[in-house]
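Letters A, B, C, D and E mark the chains in the order given here, with residues in each chain numbered from 1 onward.
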Amino acid sequence: MIEVKNLSRHFGGFRAVDGASLSIASGSVTGLIGPNGAGKTTLFNVVAGRLKPTSGTVQMAGEDITGLPPHELFHKGLLRTFQIAHEFGSMSCVENLMMVPGAQQGEVLWNAWFRRGAVRAEEERLRVKAQDVLKFLTIDHLADQKASQISGGQKKLLELGRTMMVDAKIVFLDEVGAGVNRTLLNTIGDAILRLNAERGYTFCVIEHDMDFIGRLCNPVICMAEGKVLAQGTVDEVKNDERVIEAYLGTGLKNKIKEAAHG
Amino acid sequence: MTAQAAAGPGRGLLLAALVAALFFATGMLQSWTLALLIVNMALVSSIMALGVNIQWGYAGLFSVGTMGFVALGGLSVVLVSSSPAPGGWAAGGPGIVLGLLMGAATIAAAVMAAAKLPKGRTRTLGVAVILIVGFFIFRAIFDPAVQAVEANNPAAHGNLGGLGLPVLMAWPVGGLLAAAVAWAIGKTALGLRSDYLAIATLGIAEIILAVLKNEDWLGRGVKNVISLPRPVPYEVDLQRSQAFLDWASSWGFDPITASSIVVRLMYTGLFAAVLLALIWLSQAALHSPWGRMMRAIRDNEVSAEAMGKDVTRRHLQVFILGSAVIGIAGAMMTTLDGQLTPGSYSPLRFTFLIWVMVIVGGSGNNWGSVLGGFLIWWLWVMVEPIGNGLMTVLTSGMSDGWLKAHLINSAAHMRLLTMGVILLLVLRFAPKGLLPER
Amino acid sequence: EDVKMGIILGFTGPLESITPNMATGAELAITEVNESGKFTLGTVVPVRADSTCIDAAAATAAADRLITAEGIKAIMGADCSGVTGAILQNAARTNGVAMISPSATSPALSTAEDDGLFFRTAPSDARQGVVMTEILMDKGIKTVALTYTNNDYGKGLADSFAEAFTAAGGTVTINAPHEDDKADYSAEVASLASAGGEVLVVAGYTDKGGKSIIQASLDSGAFSTFVLPDGMVGQKLVDDIGEGLTGSFGQYPGTDSQGAEVFQSLATAAGFDGTSAFAPESYDAAALIMLAMAAAGSTDSKDWAPKVMDLANAPGEPILPGELGKALELIAAGTDIDYVGATAVELIGPGESAGNYREIEIKDGKIETIRFR
Amino acid sequence: MDILNALVAFLNFVFIPGLAYGAQLALGALGATLIYSILRFSNFAHGDTMAIGTVFVILLTWGLQSMGISFGPLPTALLALPVGIALTAVLLLATDRVVYRYYRRVKAAPVILVMASLGVMFILNGVTRFIIGTSDISFTDGERFILTAGDFRSWSGLAEGLAIRTTQGVTVVIAMIAVALLFWFLQKTRTGKSMRAFSDNEDLALLSGINPDKVVAVTWIVAAALATTAGTLYGLDKGFSPFTYFQLLLPIFAAAIVGGLGSPIGAIAGGFVIAFSEVMVTYAWKKVVTYLVPEAMAPSGLVQLMSTDYKFAVSFVILIIVLLVMPTGLFKGKSV
Amino acid sequence: MAEPFLIGEAMTGGYGGADILHGCTIAVEPGEIAVIVGPNGAGKSTAMKAVFGMLSLRAGAVRLKGEDITALTPQARVAKGMAFVPQTSNIFTTMTVEENLEMGAFLRRDDIRGTMDQVYTLFPILKEKRNQAAGELSGGQRQQVAVGRALMTQPSVLMLDEPTAGVSPIVMDELFDRIIEVARSGISILMVEQNARQALEIADKGYVLVQGGNRFTGTGQALLADPDVRKSFLGG
């Protein structure tokens, strides 16, 4: 589905992404992990058109999409969420979702003025769909709340909800789990798997919660210092020495025990 | 309507009634012709405010080039409806057109070269050469033609002259002219953020004005065009018409007052029709998915872009629409004034005062713009007597002397001072505007 | 009974620094008439309103308010040609009230539709250019640099002067506008200096861009002699610039009548600067209005407006400032008068000042009259 | 060929006036940019703040002069300046108390503050005129020139003169000192840093124990100092008239914007960009060229790219071009 | 039982509209780690803000060392030795990393070098980026700056709203480690966590908040052991 070749993105002299090559297979749920500052978000931003690459190419289904603006990529079926939630603060939650689908009739002024019937019908359909999504995310009671006035975790849910409003080909999720209650996260995980299985979405997921990654993702790619460090199944990556050293660490358990004794 | 409803349906009506009462009081206590005069300009101001609201309230574009588009609307009245200047076109019309085409071709060629040539030295050099050579050819063709036109009876004409068409046609043309210029501006400057866009548009408005003031061949520059045709009859003509005099006396009206009231009511009708049409279009747009998309873009461009909305294009669209509305209002105002005086356009009056209307009315709310337009314009006109009155009250207790004389002499400055105080009071008690977005 | 006279000038806005003296000038005439006790139609009461000079709509509203709500019988104003035209068309003509502007000088106003309701005590700018050319030619000056304030007054004057001067064989090296009240005039001075010329003609205002340009030109050594048309002649300029202005010359409306001096001493006595731009014209405008009312025996514009031309022009007993009481007596006695006033008013054609000029030169910090043209 | 005369003509008519004007704009822009960066709004009342600050200084100067106090070759107004600054600061603090504080508390959008500043502008506008009237006032004294055109001519034997006014020299020197001080203050001192923190994230500044009232107060005081200094220097050089000070607002903001809002160095750079673009692009190069080329080739035209009518337009075109290449100005300003 | 060191007692209030908190009580002792968990939107952040005085309570009180501080402003609480890392916008984005840390120590008059070095050892990446604007950092790096800023205060109560959101496992371990260490030095720690299991492991006391009220309260271990809590709030 996505083929990233030799991609680099520099900020001044700093190489946030430094010649990374990776591919995301069609129909997979690919995990992307790596230490803070490894360049994961930057990679997403370049692929999704938010940043221009310094060098390298990105292909989607064989087509070169390097440097295309985000809105065009959206219409090609590439969606993304943001690590720091980017809600539309002055709009209600349900409006936040309803605005997502592309090519709405009512977004053309002419229709808004002179084909009001058709627009109204379309709106009804969208509203029902949006309500369903909100219900699924357990925040349907917030439908009419302004998005600026919901909790941090709820914002992340809304962020995820937007990807569910349209038929995407590939969805990039940047740490949807951070700040989301773990029980709910499990439900989200299920939803991702279901969208993947039933609707054939391809996912690429950045996450620091290894349980979540373990449950969802195959394969897993680990980045470090702008490059791909390791790639493989969850277990392979988890047990990779370099990954452990750079990212996972040796675990907390021992220290807690020490603490308890001390 | 929903916006108003959300703010409490009572509040909107109450405020509307309050403003209506202000005008009614003006009619009763001062004179009805004056009240109508203020109403007419208030209608025009409301349309200008509506245009600004479309740009700022809908899409968050901090454009303060309002004055420029008002002036362009005014120019369209001269171009469309003033009478042709004898000999003006023959003197250099073709040369001017050719020169302008040459200028446009130069810019087009430069843009094309910038796109085609490989990045680097050659490109910079190529574009620079095209621009410089083009500039000199442009001046070589353009300058003599302009001189010829401007030398054609400068005291009375000195310009190409208008088409002599009905003045009402100038209104849509004003909108189109403003839209066309807005397109060119939008293409270059809309990438800028917040206050940077503001100063850029402020500057562009000054540039438009500089052109209007200094290109005499266009609209006589600072020499002004006066006595533009009217869409309604002249009062003096009514006063001379027997039918009118009979009608007036049958109702027991004084013919002079009656004539000016009738004429002003005609303007009111025309302006109100335009305002209502625009308001309807604006409301329909705002409360549609289009409006929702605009609000999304205003809230968060990055996210809207990721959700498939072409932010750049939408910004351009809304910038053009808003500018067109302002251009129409500009043409209406020049029609009402009956003259184009480029020297009289100042940012304070035609940009910031309009912004005050939008903000006081409640940005993002179309009815707010209308309310703001009416209220602020009424104040703008009436603070003068209010300020003078205040000063009289202030000084009444004082004994004669230097201070009293000084204060009375300064009374005129109460005008802006009072305006400031009132503005602060309104903002203080309705910091989100009188009719908040919701 | 009160007879209200509107004094509509730009008390705020770009002309705010000269309008107070203009208004005071007009009010001086009113006080004089009231105190003479010879004005039988009532007590004249001045009512000020702000024309803003730039906001046609606000000016129209102000004028309309004065006419329809305050019931003024005449307008002394407005100042700038732009708002004057707007008030004329949308308030004065509409309501049939006559106006005399002391300072709107745009030639275009000569041909404006006015139903006989519009006069001005300032000459149209066309004439002054010719007079200025004659002065320069007499002095043997053949090349000049020219800068003007970028409004209808400045532009009209500059154009007419450039045409006359070139026709007389002179060269205008540069004809550059300047905007008043701007932050800086270095660019203008630089270009004027570069273009060069024996003298610099400054068609501007004493306390605005014109003054700044003269100051900067002197400081940088670009020019040492300046030609000063009406807007630039004022004692304040001479005082502010000082020594450097010695030898500069110019002209402003006036005949060899005593009017201007008399007016200046009246003004000094009343505590304001009588040389301030357009203050004498304002006095004359107000005086003419009242004399015309007296002559018509009515305060209704359609009665008194037709009398204005008559009173202003010969034949008749000449009337200087300070002699308004005498004029009223003569009018009452049925004697013909010729109002000369502070600016030697002579109304021609469509009711505007004919434009007689006084040639002046700056000597020892004083404005000295050389001759009349 | 007369390179020396050409150079002197250029210095005298382009460089020195441009430098002084640039410094005046820069000082104004520093104040505007400071308020923008800390309090996060474009203060439209800044021009009128400069005006009223200058009025205080003028009144004090008259007082000093009537007491016979002078400052040697320098203008007496410089002696009055510190007191003028203090008075202006008091005024601004009071304004903040009455007007702006409320909007900060309700966390109003910046545009509301801009509109409120418009209201303040109207009021200051009136107050200034109440106090000192509308006519223009010249209050400079002391030695007028550092170097006069005539002296330079006789000293150098050149045809062209070179004049430097005292006020020009003072302006440039003070502008340099002011920017250095401001830069040091914001970047290095504790108070300066807390001001930047406050401007960045007000809530978090509170959580760090930064006292917002103090930050705001210091900002207004510094702004008062900058505005009064800018206004006084401008008035000394070019004369004081209230209307002109209002008109200064536009070039001042243009300067702050080209340089990058919030950046002190940007304000300085912006001031010079605006000033020099006005003077240079519309300059008639005739004189300079005439000195440089053989007599036979001397130009008959003015050799002027654009007439001075468009000087303002030119500086804005340059501003727009700069912004197109660097969207937040030359020195990476902020945007709210 | 004696009065706890810091207690927000029976807090009721919200953002102006309907109440978010309904009689919620949270307390922590010196040297103790108290962890708040709960579903999204339960009011955890609101409770933290309430304790820190960032919204006004309709009922209930906040007391520190027995002193009623309900009416104090946030700044005044900072002066009393409380420090808080909010969940969102918790760094100065235009200032450098080092300046962010300095701002954390704004009220301190002693030498801050030592504390800063400690923060740098805890988060080595920050030392590398010390002169970079914090707004240019990655999500996890920002979070480290935010926590580092609070540590600079050397408070007696440290309140953290989801300090580990978005940080990598290795850093999270370090962070928890450090929190334990800080607590041992006698400082009270009050934190909200969604990485709840790890957090409760080190917690002395745990609160489960649901719809603005206390649902479960107990020691960290007790909550971890409660199957209901595990299933409904800790993800099984």
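Before moving on, here are some points about what is shown:
As a working rule, contacts are C-beta pairs under 8 Å (C-beta built on N, C-alpha and C of every residue); 3 or more make two chains touch, one makes a residue touch a chain.
Here the structure is a predicted model, which is why all the values come from computation and not from measurement.
The chains that touch subunit B as well as subunit C are D. Ranking all chains by how far their C-alpha centres lie from the centre of subunit E, first place goes to C. For the pairs B-D and D-E, the larger set of C-beta contacts lies at B-D. Look at where the CA atoms of subunit C average out and do the same for subunit E: the two points lie 76 Å apart.
Centroids built from CA atoms put subunit B at 46 Å from subunit A.
In terms of their C-alpha centroids, the spacing between subunit A and subunit E amounts to 27 Å. In subunit C, the positions touching at least two other chains are 16, 20, 150, 177. For subunit D, residues touching at least two other chains, in rising order: 129, 133, 307, 309, 312.
The set of subunit B residues that touch two or more partner chains comprises 213-214, 413, 415-416. Checking each pair of chains for touch leaves A-B, A-E, B-C, B-D, C-D, D-E. Residues 29-34, 37-38, 41, 44, 154-156, 213-214, 221-224, 226-227, 234-236, 239, 256-257, 259-260, 263, 333, 336-339, 341, 343-346, 349, 380-381, 384-385, 388, 409, 411-413, 415-416 of subunit B touch subunit C in their complex. On subunit A, the positions that touch subunit B within their shared complex are 48, 50, 69-71, 74-75, 79-80, 82, 86-91, 95-96, 98-100, 102, 104-109, 111-113, 116, 119, 122-123, 162. For subunit C in complex with subunit B, the residues that touch the partner chain are 11-12, 16, 20, 48-50, 53-58, 60-62, 64-65, 68-69, 80-83, 85-86, 89-90, 93-96, 106-109, 111-113, 115, 126, 150-152, 154-156, 159-160, 177.
Those residues of subunit B lying in contact with subunit D across their complex are 56, 62, 188-189, 191-196, 198-200, 202-204, 206-207, 210-211, 213-214, 347, 352, 355-356, 359-360, 363, 407, 410, 413-417, 419-421, 423-424, 427-428, 431-432. Interface of subunit D with subunit E (complex): residues 190, 193-194, 196-197, 199-201, 203-212, 334.
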